[in-house]
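To keep things simple, chains are lettered A, B, C, D and E as they appear, and every chain counts its residues starting from 1.
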Amino acid sequence: MSVESDAAAQITQLLGGRIGASLLLVEQPQPDTLRFEIDPGAVRAAAKALVQDTPARYLITVGIDERPLDRGFAIVHLFSLDSEHLFLALDCAVDSENTRIDAITPIVPGANWAEREFRDAIGVEPEGHPDPRRLMLPDDWPEGVYPLRRDFRYDYHPPSAGNVRPVLREPPKGSSVIPMGPFFPTLEEPAHWRLFVEGEKIVGCDYRGFYNHRAIEKLGDSAMTYDKLPFLAERICGICGFIHSTCCCQALEKAIGIQAPARARYIRTIMLELERIHSHLLWLGIAAHIVGFETLLMQSWRIREPVMWLTEEISGNRKTYGMNCVGGLRRDIPADLTAKIQEVLLPVERELRAVRQAIVGDTTILARTKGVGVLTRQWAEQIAVVGPPARASGIAIDARVDHPYAAYDEVPARICVQEGSDIWARVVVRMDELEESLRLIRAATAAMPGGPIRTEIAEEIPPGRIGISVVEAPRGEAVHFVMTGGDNRPYRWRVRAPTYPNLQAVPAMVQGETVADVPITVGSLDPCFSCTERVEAVDIRNAKTRVYSREELLRMWQEKSAPGGER
Amino acid sequence: MLLSKLREALICLKAGRVTLPYPSAPHDPSPRFRGKITVDPDRCFGCGGCANVCPAGVILIHDTDQHTRVLEFQWRRCTYCGRCEEVCPEQAIHMSQQFETATDRPEDLVIRLEVFMGPCQRCGRCFPPPTPLDRMMVSGFRSGGNGGRQ
Amino acid sequence: MLKRLCAKAFPKALWVYHANTGACNGCDIEVIDVLTPYYDAERFGIRLVGSPRHADVVLVSGPVTRQVASALHRLLDAVPEPKLVVAVGSCACGGGAWFDSYGVLGGADQVIPVDYYVPGCPPRPEAILYGIALALGLVSKQVVCERLSQESLEELAQGVSRYGGVSDG
Amino acid sequence: MSNGALSVLGLCAVNVLLALLLAPLYEGILRKLRAVIHSRQGPPLTQSYLDLLKLLGKEDLRTSPGALYAFAPALTLASVLVLATLVPMGTAPPLGFAGDIIVIVYVAAVSAVLAILTAFASQSPYAFVGGSREMMLLLAVEPVVVVTLIVGAVNAGTLATGDIVTWHTANGPTISMVVASVALFLALQAQAGKLPFDIPEADQEIMGGPLVELSGARLALLRWALWAKQLVFAFLLVEIFVPWPSTGTYYIDLTLALAKVLLVLILVAVVDAVNPRLRVEQAMRYYARVAFVSLSALAFAVIGM
Amino acid sequence: MSHVFLLGSSVALFLLGALTSFALARNPRLCGWIAVVFVTVAAVPLCGVVGETFRTGGQPEVILLHLSSLGASWAIAVDPLSAFFLVIAVVVGVLSTVFSVDYMIRLEKDSVAKFYPVLLVFFSSIVGVLVTSDFLFFLVFWELMTLTSFLLVTFERESSTSQRAGRKYFIVTHAATLCMVAGALIVWQISGSFHFAAMRDALGTLLDTQPVSGHLVIFLFVLGFATKAGVLPMGDWLPDAHPVAPSGMSALLSGVLVKLGIYGLLRVFCSFVPVSASLQAWGVVVALAGVGSLFIGTLAALMQTDSKRLMAFHTIGQIGYVCLGLGVGLYCLADNPALAALGLMGALFHVANHACFKACLFLGAGSVLYRTGERDMNKLGGLGTSMPLTAASSTIASMSIAGVPPFNGFASKWLILATCLLVGMSAPLFLALAIVGLFISLVTLASFLKVLGAVFLGQADENSDVREVPWTMALPQVVLAALCILLGVFPQVFLWFAHAALAGVSQVGLPPIDLLLGGSWGLTLAVSGIQVGFWAPSAIVVALFLSGSLAYGIQRAAGARVRHVPVWTGGEEHAAGTVRYPASSFYLPFKEAFRGIYPTVRLRVPAFPASLRKALDLDRWLYMPLARTVEQAARGLGRTHLGIPQVYLLWIVVGAMVVMGILLLTV
């Protein structure tokens, strides 16, 4: 047992007191990571001890197929102890024959999706789960095929299991269904909500998401080398691509045991904050668009556009910058551009202030946002909501402060908290964060050291090392978990986007609201389904009559493109 | 309320019209911009390093006969990361400034390059000349085709 | 006569339905950007619409995931003729980085016929505008198939490459 | 056919054509204005014509085989055109002998009813939400319109639209008429389907509500009807409540009226541009307040002010 | 004498039909057709009487029976007002009977034979009520009508709701009759006769000498008739009784029976009450009561999801319009006969219109019930394609009741509201009433859009095998819908009859109709020679047709292809039933604002003392105990007899005896 800090010792003691001999092993693979190997039977007690007796916050669960390593399946529940800057990993080895484990969702509601996900992905059954429906796998996905097992090829398309209808909740008596999606104007991405309504009042909803699944995690840990992984991570999300690539690189760097040079960390900070600025401005516009306020959309995007030009000038692309690599950066910010950053941000700041003034005094905006989409602090904590929605509910969490990365230990960020818990509070939090970002960029450019931008990696990277990294995205905290493998590529790569927990809070937020408020309520989370649904394999859903297999689709396409066809 | 709204309208008017004249006037991207890839057929010697590092598997390599290696750049799915440009030992690949790449035919988004290769004296198969990139060849060659798909 | 007038008016009033079929949001954001003040696609009569019934153009962004494919088909059925399909971004054009993963069927043209391709990751707003201008006939095409050797065009037109099976995965 | 009948027919044709042909132009101007507020170039003024023309050539998708579904959009436009003949445009309404202010109110409701029936016939759940919202908005707005028109009637002592205009031209503004005109202007915002009251259409919430299932020509007709309706209502507002200056010469009066209508619609568009959409119950509460304004106008009218 | 013969023969035919259908009860269909034949044949002499009456302006009074001890005589007199209501009764009666033939077979198999005899007796009692000009005999027929209609309402004996509703109806209308009896007795004490003319004179005297009792008498009469008419709060029986009755009977209840209340009110106010300031006051009272019930009734209707209950509430609302017209007419009768005539004509016209569209709507609801077995609109949807005729007639009738031009409901509403506004220019109260009326007509529109949307439009159930009703059920609806259009487009014709009807009974000379409603195109309101209001349906229809052709021409100009597609729900398919918008979902925020207007209003006021609330809970302390008592009595009586029909017959006798007994006791 190698435990260094006081806090780690305390946690270990607490856990040892609760589960006794079931605590098999404690180690601290990274200075900020504490790994407990526990007996699967004690997982619930351990989780209970962590969330009830410590300020630990649930992050995510990783299911790993460790059968090739002779360890069965590993279920790793990750927690964050913000006050001590510690990650806690509860690692349970599940027998490869008897694939079941106690669900912790009854104790940690935020684990709902994650547990359903590892059930679908690697086939470990969470027993006692309150909602044991399939989450990520399509309804016609054959039983017993688990895409994230090591023996599943990333490009294998399993045959359909037949015309199985999805298990969807039926509307309560007296209500009807208003479907939202998968194609819906204010859902920029495909997702399918079934709103149960009486008139326009929402009395419940069901979510059938995971339309956006591109199998990124599987690609990442089977088809991609460390070299390519940041580029893939960048495309998890087109808006906060740099955040994901940074997070991925940092996790790998931690696992490898290197650190990016100071200059690279400062540049990362600047880029991250630039991304936050353009993302928040974008969100402001989209939120305005959702409530029909086109002028605010146009104006906030007008203010945002110079930032995009700036990022193109710095990185060579407006988005998905392609700047990160493991160990640092691929390109530097030259001195003239540093000056230009200041120059571009000045009018942004000025106009932002004008916009803020206008919004605060706008009674119609207030009428649409105040008291709407309320997420109580208690529920937010239970679901483990992150980012602006959490901060708007009075929870002071911010990965930049809780687990400082990049240059945030030297250029500390301020946490912007509001108590309103409604959409308006989320607007204010984001407006505050915009100002904070501008300040941070200014501070970081002023303090930016010189030197190299990349640390060279040793030839061979040992397998079996883990790295956990969090980055505060505009939407909240993104978590990347990496376990290194052989062959120059990761063994398991797990991404938790901020929308993942936030989206689970939606049913509570829309309950009792009207149909008119649903888009803005969902929008107020700034949801990003593409981030959320990276891992799930979702096949063509079988509705009543039509099932298109890939072959059928191809055939139809050929018929259509043939001369004399429909077109 | 009406008055405050009118004031908002005035704030908006202050910015004036900002619409750029593109496409009737050209609009150049910034100098660092990574646009469409160009390949210099005279420089490429078919090492395949680019294919190896490409995250999107854009570059397909096939040896048709003993003397010819075909490099097909399916750049319709290019992610413009610029890795190929970085690793090309001969600077044969270049990320141009061109972004006006819209087309109505998918085949316009393909570059096909045939490189004459020296065959191995012993086995008769062609091989790329040894390069500093051999180290990278060790890992993760992503199969381009439909792989294990049924 | 009115029929001809209507046909003439068609490209001058393109209403766009934006279908995200699994994109990372990058292209979607740039598509919206095209409507904002600096690029202002409404100059050309282009509008985003909320219902496919009103659309003239289905703008597809993102690789077509297996889950979304049937919905995309229904979407295209729901659009009245004449209609155009535009694939925006590398994913929609060719499947992007996930062209062969188990969750993705490939680019948009694997599922529905596509009229215009706008590659880019994501395409700059200007590139999208260029695509629009191309569709409107305002500009001419700048890329052509670069066959740096002597191969037949037909082979590529069939979308089949001799080298690696289906050319785009 | 007598001279009188001919002039009635002629004026009817003029009003109908004005409503039909100028409505897209006015909408084009408003779109341009919105673009200016958005700091962008905006579409050409003729864009609305192009939109309509394009829609006419598009395929007509139908989700229901019913005749109502097929004909209602044309009837919607027709009822707005009939409304145009009941509303003064530069001179007394050509069909004034066939309908007074009560008829105006009801014919205006007919166009909404037909639009709602089209929506319901389309079977889409969004259209039902939109139709339901449209009806609620109508319930909130129409009383305002009714009361403001009654203010005119009480002042002039007649229900005939033309006579109310004549009376107002001759007697100049009164407190009641000024207050009523403000109320009617506020009602115009909803009648024209502009923000913050485009609640029934709400593209982002319910995909265009009643319009969600309409395509091609029938969509064009409904859009056209909406534009024509906003034009006709603006005419009603300026002719009844701001009839001066009146020269008595038809062409000059018509030109003046067109200019006044443009001004009114520009105001409407500015309000439209700087407002987010309200929820339907908020809109109803708002119009309940406006109804009190109009009732106060009526009170003024009753005591002769 | 000839008209008495004609009337007699038609009543005889009714009764003969009753006997025949009773005799042939074994074959329900034959039974129904016999009823149809007899009703139709009986309608012919009635039409003769009506035609003659309008031609001559009234038939001489004939006394058939004289009870000198009571001062009562069975006097038969047909004046244009009676004729007017006779026409309505004949049209709705014949059509409802035709409708019932198939309807009753399907829905009430074993007891059908008991339906037609009672129905035919009911018809004859209506004729009796309309042509009798002696109050005593009027009451006898009135009672007969009430009892037969009660039997028809409670036709489904098995259902407890129908029994409860029937009991409520029975008690309320009998309480109303008692009021009328009391009023009549007070007058009788002075006049010594029950004859209408004598009563009018006596009431005039009474109002002069003892205004309190005079007004009490009027009040009692108004109470009595308004209860029958369904004016709130006395019309509370209506929404309970209509839905449980067989649909043909609901149409009759709403189309005819309720109208007789209006007939009574017209009789009282036009014939009995002398034209004076007090009449003006009563006009205001009637108008206020009317606006109250149209406001509450219609808003309550908006909340309903039971199609027939919804329509019953609308009956209350539409009767409110009639009362508004009546009230404004009475208000002006002394000072401005022109406006008074307009108001009363509007009221009468609306009575006729309401009979058309409401009967059509009830028959439509009945057709839907017949095919789907469902009155709950939440569970219906998309019947428009499977039942096109029903859907089309219901749509037309809905548009009519909502006052959409150019249908008939608009013409009468326009007349009533325009009159109100014109009167309102000097009496602002009527302005307010007119505004409420205009607003409520929108609510009516909303309510019927809901009906159309929920029942006929929207998505049908999967695998629904609903088809159109048989022609005997469709035909009456189509005829009524056609009437709605005809009356709407050519209101002048019918208004002429309304004018004639009023001119025949009014105590003041009404201006000739040409002066009131001139214009060759349609209706032009003229007050003291100045044209102040216009409604020319034919011009508007022509304009609508022309511009509609233009618009449709535009629609088809480019010759675009038509393609049928499934509903777009975002890319996923949903079962048709789940994405349907149920009736209860419509206008929820709006309904929220008016929730509690009916009938939970007593629960909403917190300051209400409990005792008062209890006191207002009529159901609990008035209806139910009375009903229980009556029920026990009936059960007691029923025990002595074997068959149910006998019990009913006994009830008729007992009812008549009670009335007679009260009368005799007070001699």
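Keep this in mind: contacts are C-beta pairs under 8 Å (C-beta built on N, C-alpha and C of every residue); 3 or more make two chains touch, one makes a residue touch a chain.
Remember, it's a predicted structure, so these values are computed and weren't measured experimentally.
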Fewest touching-chain hops separating subunit B from subunit C: 1
Chains touching both subunit C and subunit E, listed by label: A, D
Most central chain, Cα average position: D
Centroid-based (C-alpha) most distant chain relative to subunit E: B
Top-ranked pair of chains - ranking by C-beta pairs in contact: D-E
Distance between chain centroids, defined by C-alpha means - subunit A, subunit C (Å): 28
Whole-Å gap separating subunit B and subunit E, where each centre is the average of the chain's CA atoms: 80
Separation of subunit D from subunit E, taking each centre as the mean of its C-alpha atoms, in whole Å: 36
Junction residues of subunit E - those touching two or more other chains: 557-558, 561, 563, 565, 568-573, 579-581, 585-587, 589
Per-residue overlap in subunit B, given as positions that touch at least 2 other chains: 8-9, 12, 15, 17-19, 29, 55, 79-80, 146-147, 149
Shared-contact residues (touching 2 or more other chains) in subunit C: 2-3, 6, 36-38, 40, 43, 49-53, 68, 71, 74-75, 78, 80-81, 96-97, 100, 109, 121, 124
All touching chain pairs, where touch follows the definition stated at the start: A-B, A-C, A-D, A-E, B-C, B-D, C-D, C-E, D-E
Touching residues on subunit A, where the partner in the complex is subunit D: 176-179, 184-186, 199-200, 288-296, 298-299, 302, 362, 364-365, 367-368, 514-519
For the subunit D and subunit E complex, residues of the former touching the latter: 12, 16, 56-66, 68, 71, 73-75, 77-79, 81-82, 85, 95-100, 102-103, 105-107, 109-110, 113, 116-117, 120-125, 128-129, 131-132, 135-136, 138-139, 142-143, 146-147, 150, 153-154, 157-160, 163, 212-213, 216-218, 220-221, 280-281, 284, 298, 302
Subunit A - residues contacting subunit C, complex: 138, 147, 152-158, 182-183, 185, 188-190, 210-216, 218-219, 223, 231-232, 235-239, 241, 282, 285-286, 297-299, 301-302, 305, 308, 312, 317-320, 528, 530, 536-541, 543, 546-548, 550, 553-554, 556-557, 560-561, 567
Residue ranges of subunit E in contact with subunit A within the complex: 378, 569-575, 578-582, 584-589
Touch list for subunit B against partner subunit A, complex: 1, 4, 7-9, 11-12, 15, 18, 29-34, 53, 55, 79-83, 86, 95, 136, 138-140, 142, 146-150
